[in-house]
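Each chain gets a letter, A, B and C, in the order it is written, and its residues are counted from 1.
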Amino acid sequence: MSITLQGISKRFGDVVAVKDVNLSILEGELVALLGPSGGGKTTVLRMIAGLEMPTTGDIHIRGQRVNDLPVQKRNIGFVFQNYALFKTMSVHDNIAFGLKIKKWSRADRDARVAELIQLFDLSGLERRYPHQLSGGQRQRVAIARALAPKPNVLLLDEPFGAVDAKIRQELREWLVRLHHDLNVTTVFVTHDQEEAMEVSNRIVIFSRGRLEQIGTPREVYEQPANEFVARFIGVMNVLEATVRDGQARAGEIGFPIHGAPDGTQVRIGFRPYAVAVSTDLGQYAHRATLRHTYFLGILLRLEFELPSGLIIRGRMTKEEYSTLGLEDGREVSLQIRNYRVLARDDAPLGGELATPQRTPPHIAENI
Amino acid sequence: MRHQRFNALPGFGLTMGYTLFYLSVIVLIPLGGLFLRVFDLTWAQFWNLATADRALAAYKLTFGASFIAALLNSVFGTITAWVLVRYRFLGKRFLDALVDFPFALPTAVAGVTLSDLFADNGWIGQWLAPLGIKAAYSPLGVIIALTFVGLPFVVRTLQPVLEDFERETEEAAATLGAGRWRTALTVIAPSLLPALLTGFALAFARAVGEYGSVIFIAGNLQYKTEIAPLLIVIHLEEHEEGKAMAIAVVMLIISFALLVSINLLERWASRFQK
Amino acid sequence: MSAPAPATRRLRDTHRKSDRASEETPLVRGLLIATAAGFLLLFLMVPLVNVFAQAFSKGIPKFFQSLADPETQSAVRLTVMIAAIVVPLNVVFGIAAAWCVAKFEFRGKTLLTTLIDLPFSVSPVVAGLIYVVMFGMRGYLGPWLQDHDIQIIFAVPGIVLATLFVTFPFVARELIPVMQATGTEQEQAAMTLGASGWQTFWRVTLPSVKWGLLYGIILCNARTMGEFGAVSVVAGHISGQTETMPLCVERLYQGFDAAAAFAVASLLALLALATLVIKSYLEWKQHALLEEAQRTADDPSSLPPS
């Protein structure tokens, strides 16, 4: 076990930033701390680093309790959101800083810096100063500097926040490769669920200081622990519904529901991929009009409007779209195949329910 | 998400402790000592000392001349700041650097050279004397010296405000049909006002306490050209500490009041600048 | 009272087209420029030129003779010595004050910064007086000091104290905004790399504020060497012993040896000019650094990794 947090809480004055977090991170894992701003994820990262002290709870790194160990002695590498490169030092001196502090010999130092310059593709930039580098280069220098003294753990605070969208994608792939090559335990903070899903082995989801769920990207997407996670990860349709005759009704759509008396207000959630669409108006239960098509690349996002004015978001591939011959304004029939009854934010969610089907599963199910 | 807490950064106790210690030893305790001494006097005694005729004449000259000097600096300082920010001309950088000269020049040097210039046989004084204007050894001399020492304040306070001032605002006024003078009066002047007042107050506060540059040119005649700081020195040399301290306390209280109003003015001014 | 023009001021130069609609006519512009230039030349340039003209008015030999006078020599030495004591003390204080004000949040911060600025709004004469009240013969500690044969007033320690007071805020007020602007992330980064507090300060903080520090030092030095009012109250005017250069100027001028007075004054004027030149250079340097940083930050040609 590389990092263990037991019952960690942090208060800033009257504000509780982190509430009773328990978390274990395995050796060599690449973990994302994900959540909206103010969720407490950066505070958790800074507590692991020793830049903040937990109000209560214990932190262990590689089996050693580090609560009383100052940041200097924790042997962690930390990459700041805005990189915090030393402005008065060259790239070489930035990377060598930690080695100098740790009193490496000059020869070892130069060899280590040269190795990292090579690994991080910074050749030719050794004498440059931070203000002479591009955003992507700065970020690589920051990571190289953090990794130079061979830390036990690499911690990154919003590592892709400060670069523009195009470079961000490349940096993500690069981080995955780097982690694969170096195999150092890595924890990074992000508010971008797509980034977390794409890069990490496991995702830790925070909201308002609490840990909501830990799991692989697939787990948090397919089995969200609660409504917050379900809504935060991926796109979700959420409908306000009223129970009548064992069905939660929203507009003209009814969702079978058990154990809720008539008149109960519930929320029904379903993923866009659970919406089956056909141009055969008789195929599915509900008629709808395709209002808008958003082209996101290979996938399209579709917005349907039911006669009652209910808006439902669906998703399909470009191929499927053209096979069906869809276009904006087209009348279709649709059906919601899987859905969940959403509870309050913090209550655990039940499993996914299936709507009784009239037809065999649709091709769009796998998307 | 960003908590501005740096409990990991060391040295707060040490630096804070040293700052408070040094501040107390050099500034607070000596200033407090003066006030404590004055509290030994009864209110009536203090009042008599602080408002003696000679002291009243000195206040009148000090504050009157400071006010006029600050006013002069407001007018010429505004023009100077405007010219330095808005126009390009030969020697602009030189003039810009020159504005700080009164900060850098020791006040005694300013005093002797101004006194020399404006004396009846000086470079400038010789042209004024035939006109019946007595510049040196008169209240006018005091105003000249105080204008010199306060010169940078208005310019340096207005410059950044003018630089940040959006040209588009003026152009908007022009497209709405306002002439240049109307624009200057209705659009530019109101947004410069807070900074101008701050600059005025700074120049005034500096002038009130000024000593070195004034005493050479003033002539230092009792009741006529004797400024309040000089009167403190004179009383001190005559071993009249009570009188010196009473005037000093009056000056200090006025300085503090000015400091507070300058802070308030600066806060007000910053509301107009994002 | 705030001394204007910290190093960060006037960073934007304003190159603007002169043929815009919202522009004064050439005549008005010319008049305004002439007024400003006339005002500055009359009030600043003429007095400066006059210092040197008067210094050499009795010939070059007289100029050097005045400077070679033993009392003048000793005034120069004392002034340099005072600066050598006062400037380092206020630098240490300035760094300490800037560190706690700029890098930490605490209650009463505004009050503290106001108190640090306080000496600017106190008349130099009053600054001298408070030390007389403290250490003078009839002051709080006067009798005790006399018993122990320690002289502060009318001696070098008094001059040092009075000068410390009037130059108290210079370094701190230049450093605080610079340190605030650089933030704390670089320091935190140094600490995650194992640097101790001192190592962080010497290797990371100090290099990043060196221009601001230098700026504060030269301003502090100029005021220290040129201080007149406060020093004149506590020094006692014993020529050859407690007479600094500005006091020497006064004695010679009052003694109707104007040429000698201006000879000494010209040294101080040279100091002022040197201060202005260094100050302009530092501002230009800061400006260039900022511009470069801005240019590279705007540079879209960010190279993709690998």
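The rule is simple: contacts are C-beta pairs under 8 Å (C-beta built on N, C-alpha and C of every residue); 3 or more make two chains touch, one makes a residue touch a chain.
Just so it is clear, the structure is predicted and the values come from calculations on it, not from any experiment.
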item	value
Set of chains whose contacts include both subunit B and subunit A	C
Middle chain, criterion being Cα centroid separation	C
Centre-to-centre distance between subunit B and subunit A (centres being mean Cα positions), rounded to whole Å	58
Subunit B and subunit C, separation of their C-alpha mean positions in angstrom	16
Centroid spacing, where centroids are CA-atom means, of subunit A and subunit C in whole angstrom	53
Touching two or more other chains - residue numbers and ranges from subunit C	188, 191, 196
Contacts with two or more other chains, residues of subunit B listed in rising order	5, 8
Contacts with 2+ other chains: residues of subunit A	50-51, 71
Of subunit C, residues touching subunit A in the complex	182, 185-186, 188-196, 199, 203-204, 207-208, 210, 289, 292-293, 296-297, 299, 301-306
Of all residues in subunit B, those that touch subunit C in their complex	4-6, 8-12, 14-16, 18-19, 22-23, 26-31, 33-34, 37, 76, 79-80, 82-89, 91, 95-117, 123-124, 147-148, 151-153, 156-157, 159-160, 163, 167, 170-171, 173-174, 180, 183, 202, 205-206, 208-212, 216, 229-230, 232-233, 236, 241, 244-245, 248, 251-252, 255-256, 258-259, 262-263, 266
Touch list for subunit A against partner subunit B, complex	12, 17, 37-39, 41-43, 50-53, 70-71
Sites on subunit A touched by subunit C in the complex	49-51, 71-73, 76-78, 80, 82, 84-89, 97-98, 101-102, 120-121, 131-137, 140, 145-146, 149, 163-164, 166-167, 170-171, 174
Touching residues (chain side subunit B, partner subunit A) in the complex	1-3, 5, 7-8
